[in-house]
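The next part holds the structures, each set out as structure tokens.
Okay, so subunit A shows up in both of these, paired with subunit B first and subunit C after.
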Partner chain A sequence: MTLAFTHPYGLLLLPLAFLPLFAGVQDTEPYPSLQTARSDPLSNAADLVLRLLGSLAIAGLVLGLAGLHRLGQSIERTGEGANIVLLFDRSASMNDTFAGDAPTTTGGESKSAAARRFLKEFVTTREHDRFGIAAFSTAPMFVLPLSDHRDATLGAIDAIEQPGLALTNVGKGLAMALSMHDSDILSTHGADGGISSRAIVLVSDGAAVIDRKVQQKLEAAFLKRPINLYWIFLRTEGARGIFDRPGPNDMDTPRAMPERHLHLFFQNLKIPYKAFEVENPAALGEAVATIDKLERRPMRYQERIPQKDLSGVVYAVAALSLFLLTLVKLAEVRLSDRGLSQPAGRGHPEEQ
Partner chain B sequence: MSGDPVPAAPPPADIPYRVPWRAAGVRIGAHRGTVEGSGGLFRDHDLLVRTKDPRRIDLRMSLRDPFENLHVKRFEQRTSVTVYALVDLSASLGFSGSVRKIDVAADLCGAIASSARRIGDSFGMIGCNEKVVPACFWPATTSRGAEAEMVASLRGFSPADQGTLGRGAHGLIDAAAFIAGRRKLVFLISDFYLPFGTIEAVFEALSEHDVIPIVLRDPRELRDLPRYGLVSLADLETGKRRLYVMRPSLRRALIREEAENAKRLRALAMRFGHPPFEVAGRVDWDRFGAYLMGEAA
Partner chain C sequence: MSRPAFREARFWLLAAALLLTLAALFVPRVMLKRDAYDAVAFVDLTASMNTRDVSLDGAPVSRLDFTKQRLKNFVARMPCQSKFGLGIFTARRVFVLFEPIEVCRNFSSIDAAIGELDWRMAWEGDSYVTLGVHDAIAVAGELNATLLFFTDGHEAPPLPWTGLPAFEGKPGDVRGLLVGVGGKTLVPLPKFDDSGRETGTLTASDVLQENRSGLPPPDASSRPGWHPKWAPFGDMPVNNNEHMTSVKEDHLNAVAAQTGLAYARLTGAHALHQQFGAVAQPRSVTAAADIRAYPASLALLILVVVFGVLPLRERAAHRRSHAPARLREAHP
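For the complex of A and B:
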């Protein structure tokens, strides 16, 4: 725990805390002689405690004035998890239901809404994961860098609710997801020791042809840094699936069957890759659960603890001490204030 | 304690002290002495040829003598004694309870001094802390003026401001050397908050005299201790502070120990002659008189 002070020069007053140890807090009265009077252990202990209380009160006030606070810091912890970039397809068709209708007409859940629901659950259950979010349609959109800010991640997932845009450009989206991992490795200086798993979860309802040049670049990038790739394909009813084999009359080309060829491209990347073809919300949930199971590797992560103002604590300690000292002060008895009604000797009037 | 002390009840005309021994002084006074003279008390007979005082011829005795000597009555000469007050001026005497202890001591000295003057005894006063205090050193005198000065010097003395000299009362032993000689009447005025060895040494040093110990106490020292509460006390002699968390058991224990100390002091004082007279607060002159006539006589 690192402590710091807002006004360190206020600590110059700290030696004042030794004052009660020497001077005492009580109002003392002269007494002829204490040599013969017994020393009471309980009273001596109380004396010490009161002196310490006095010191504590002054020290608390001085520390509070100096602005004691704990510096923000990060603690390295080990847990299970992964660095995951969620890559969303933001094409317009994502707003349709799995049946291909607009959600308002049928009352069904849109694909994006279902994806949002399950991914939020996923994010909430994965405590130690770091999430990044990217989206793509015609161009990739950088949403949120890899971070452990859960609220921001959930917020970013919520933002997918906005109606999507035109087309699907998977290649650029993947490139952005990869670059997010790259920049994250750079920015964390490999603090995780390279042991934690890195994954990209691609959520889309369609596929598109990836340019040959882009394919080569992606291949090179994935070769450089093996990253687990999960493709959750939200298949609209009646649309082609990723596992469909071409019929005898069909042309087996990327342009004719983009889903199948994108799947093949991913398979050929020589990286851990898994595709889920999802046709209804329940299947989406299963797919997410499978990813949850697969992405369990030990990782080191930094838990960040924000700066904390401790002056309230020290003021509270000081206030408590002062309160106790006030009670003690009220319990004090002055001998010279007593005995006025008990005249000494033969009954001469006492001093007024 | 407010500044101006309330005047004490005026002491009685005379402190009725008397000495149970024959004073060896030659000055004419009020006490029985060893010297023959014109006092009223018959002492013995002697031959006229030896005493050469024909005024006191005892005819009956002379006629009864078969050898026909002339006998003369001899009478005791009443003599005066020297009275000293040895006052402990250690810092603890600076305590102000219901009254300033130093004022009580001054009251006592003033009363004894005026009584002594009236019956022709000489009175002296020696104040002592660790050493004999020069400002309060008054050799015995019968002078009238000295009496007021003695009391004034005592009242003006501040025992608490004497530094390390106020730590004890060993000066009382030194003072014994100043008053050595013929047997004197010595009032030893102190609070007797002294180590027991010191008290014993003082009594031993004064053993040739007739010592009347007067213990100055104050109700505030003990009787007024509260049953509950916090009392913070500072020792006047050492300056040490002590906190007492008062409770009935502690109060009882303190009072019991004080009573035990008083008992030990009494036993010690009795070994050297008289039991001590305890003054609580102001001097109760009647009780003091009764004590002098009774226990101390």
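For the complex of A and C:
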């Protein structure tokens, strides 16, 4: 349990708690001589307790004012889930429908809108997953680091419906997604023991030739750590697919058939890889559901316990001390009123 | 009944302290109305933002790093339940990285996202700042958020002689702040090679010094070597110092006036927050406010009086009045 204070400077008032040790709450009264009174352990103890109660009340109030609280903690739990980097193609064609039209002309749903709908559903249902977001068009773009901030993830998925940019640079996007996993492994210090599943979900509607140099770098990077790769390919009507075989007159080169060759490249990476060719919103939903089913490895995740305000507790202690002190005060008797003749009108001597 | 304690100030003070402490214990959290803001910030990632002509903690840093630091600080100062979205600008339009999200719960993510802004994210080398601002206004209007646009105002290629491109929206429809970043003296633009390494500074012949698309200016015929067909802009190289850069405040002020935004130069984080607050449309949210400190501090004050001030006064009074007098009073 870690305690902390909201206003630590308030603690400068804490020495005030020593005040009651110097002066009690009881009334002082004139008495001829204390020489005859013997030291009484019980009275001394009572005196000390009363003074301590005063100290306790002051200390309680000061701690409460300083905002004593228990820090938020995270507890490690085990569940099913994964660390997933969503890698979005933000090229302009993502804003077209599966039929290749602008969404306004046909009333159909654009590819990015469909992707947004199903991925948001996916993110909301996956309770323990941690998500990171990267995007790419001409250049890779870091959007959000891997985290369990659900609404941040949803905000970033919302943004994929915004107009996209020109090109599709898959290679650099993948490199960015990989480096996000790397920095996450470093920043969590392998807290999950390396058992939890790490995945990249690539959502794109096209492919491009990956530069030879970038290919080698990706191969090396994928070799270093096991990462599951899913490619949701949003195929536009009439466009080439990733499972297309070259016809007798077609050139079987990456430039002529980038989708097929990117798929082959992924297959040759020797990592768990699955490709989904999606031609309508319903198929996209199925693809997401399949990923949901596959990415269910046990993982350790951190459950956050929010910070707890303890000032109520210390105020209660202070209130209790003050209550006891007030009671004691009520039980006080006045020596000078009893037995000694006093001017009339100063209390009722028979009252005891 | 009457207890002796009732006649004593100390008892009443203690009772008051007790009541106040109980009040601190049981007082409900008051729901107060507070202002929250929805903001979307766009950061210019064009090459001129790499110029190191601003300083942070005494060390020169690039305009982009300066913007990032101030923006992080700005988000940290936003009240909880405010929302913040982030986007980037290059070429002639903006690109939204994420739509506005709540700032307190997602702070670490937002902070990391701002930290990762890099000029390499830029997808083209052009820098049509005015068009970018126009596009950003449309996006911010759609997101229903106050716009923050960080730029040095350096247009590349330079604006044509006809001036600003027309603004299609309604000026003032979207509130926002155009933030100028950079020093006021001209410094050369840094130059990068194909792999993105800095290799020096640009020279006058590296950049377009004049926008030669469209019609030539009316005074072109007086230029040396002018020919209506073969050299409508004249045939001598011009040097408009476009390879040098500074924060173009006049231009940004003109853009701000055209679009109904406010202009401010980026200085401190606090100033930025105030300038933003002056233009932003706050959204009223209810937040639980802790008012327990008021009764509790009053109770503490009373206890200090009871245990500190009263005994001191008594002792002082005791010293003044002599003991024999007291005895006489007790035993007349």
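By definition in this document, the second predicted complex is superposed on the first by the 243 of 352 C-alpha atoms of A that agree within 3 Å, B and C clash if a C-alpha of one lies under 4 Å from a C-alpha of the other, contacts with A are read in each partner's own complex, and residues count from 1 in each chain.
Note that a residue touches a chain if its C-beta (ideal position, glycine included) is under 8 Å from a C-beta of that chain, and two chains touch if they have at least 3 such contacts.
None of the values given here were measured: they were computed from a predicted structure.
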First (subunit B), second (subunit C), both or neither touched by A:323: second
Touched partner set for A:38, first subunit B, second subunit C, both or neither: first
Subunit B versus subunit C as contact partner of A:139, first or second or both or neither: second
Subunit A residues touched - subunit C or subunit B, whichever exceeds: C
Which of subunit B and subunit C A:267 touches, first, second, both or neither: neither
Partner chain(s) touched by A:312 [first = subunit B, second = subunit C, both, neither]: second
Touching partner for A:50 - first (subunit B), second (subunit C), both, neither: first
Partner chain in contact with A:253 - subunit B first, subunit C second, else both or neither: neither
Touching partner for A:332 - first (subunit B), second (subunit C), both, neither: both
Set intersection of subunit A contacts, subunit C complex versus subunit B complex: 27-28, 30-32, 332-333, 336, 348, 351
Residue ranges of subunit C in contact with subunit A within the complex: 1-5, 7-8, 10-11, 14-15, 17-18, 21-22, 24-25, 85, 88, 93, 95-102, 105-106, 108-110, 112-113, 116-118, 120-124, 139, 292-293, 296-297, 299-300, 303-304, 306-308, 310-312, 314, 326-327, 329-331
Footprint of subunit C on subunit A - complex, ascending: 13, 16, 19-20, 22-23, 25, 27-28, 30-32, 54, 57-58, 60-62, 64-65, 90, 133, 135, 137-145, 147, 149, 151-152, 154-156, 158-159, 162-163, 165-167, 311-312, 315-316, 318-319, 322-323, 325-326, 329-330, 332-334, 336-337, 340, 347-348, 351
Interfacial residue positions of subunit A with respect to subunit B in the complex: 24, 26-40, 42-44, 46-47, 50, 328, 331-333, 335-336, 338-339, 342-346, 348-352
Touching residues (chain side subunit B, partner subunit A) in the complex: 1-2, 6, 8-9, 92-99, 101, 160, 191, 193, 195, 218-221, 223-226, 228-238, 240-246, 250, 253-254, 257-258, 261, 279-284, 286
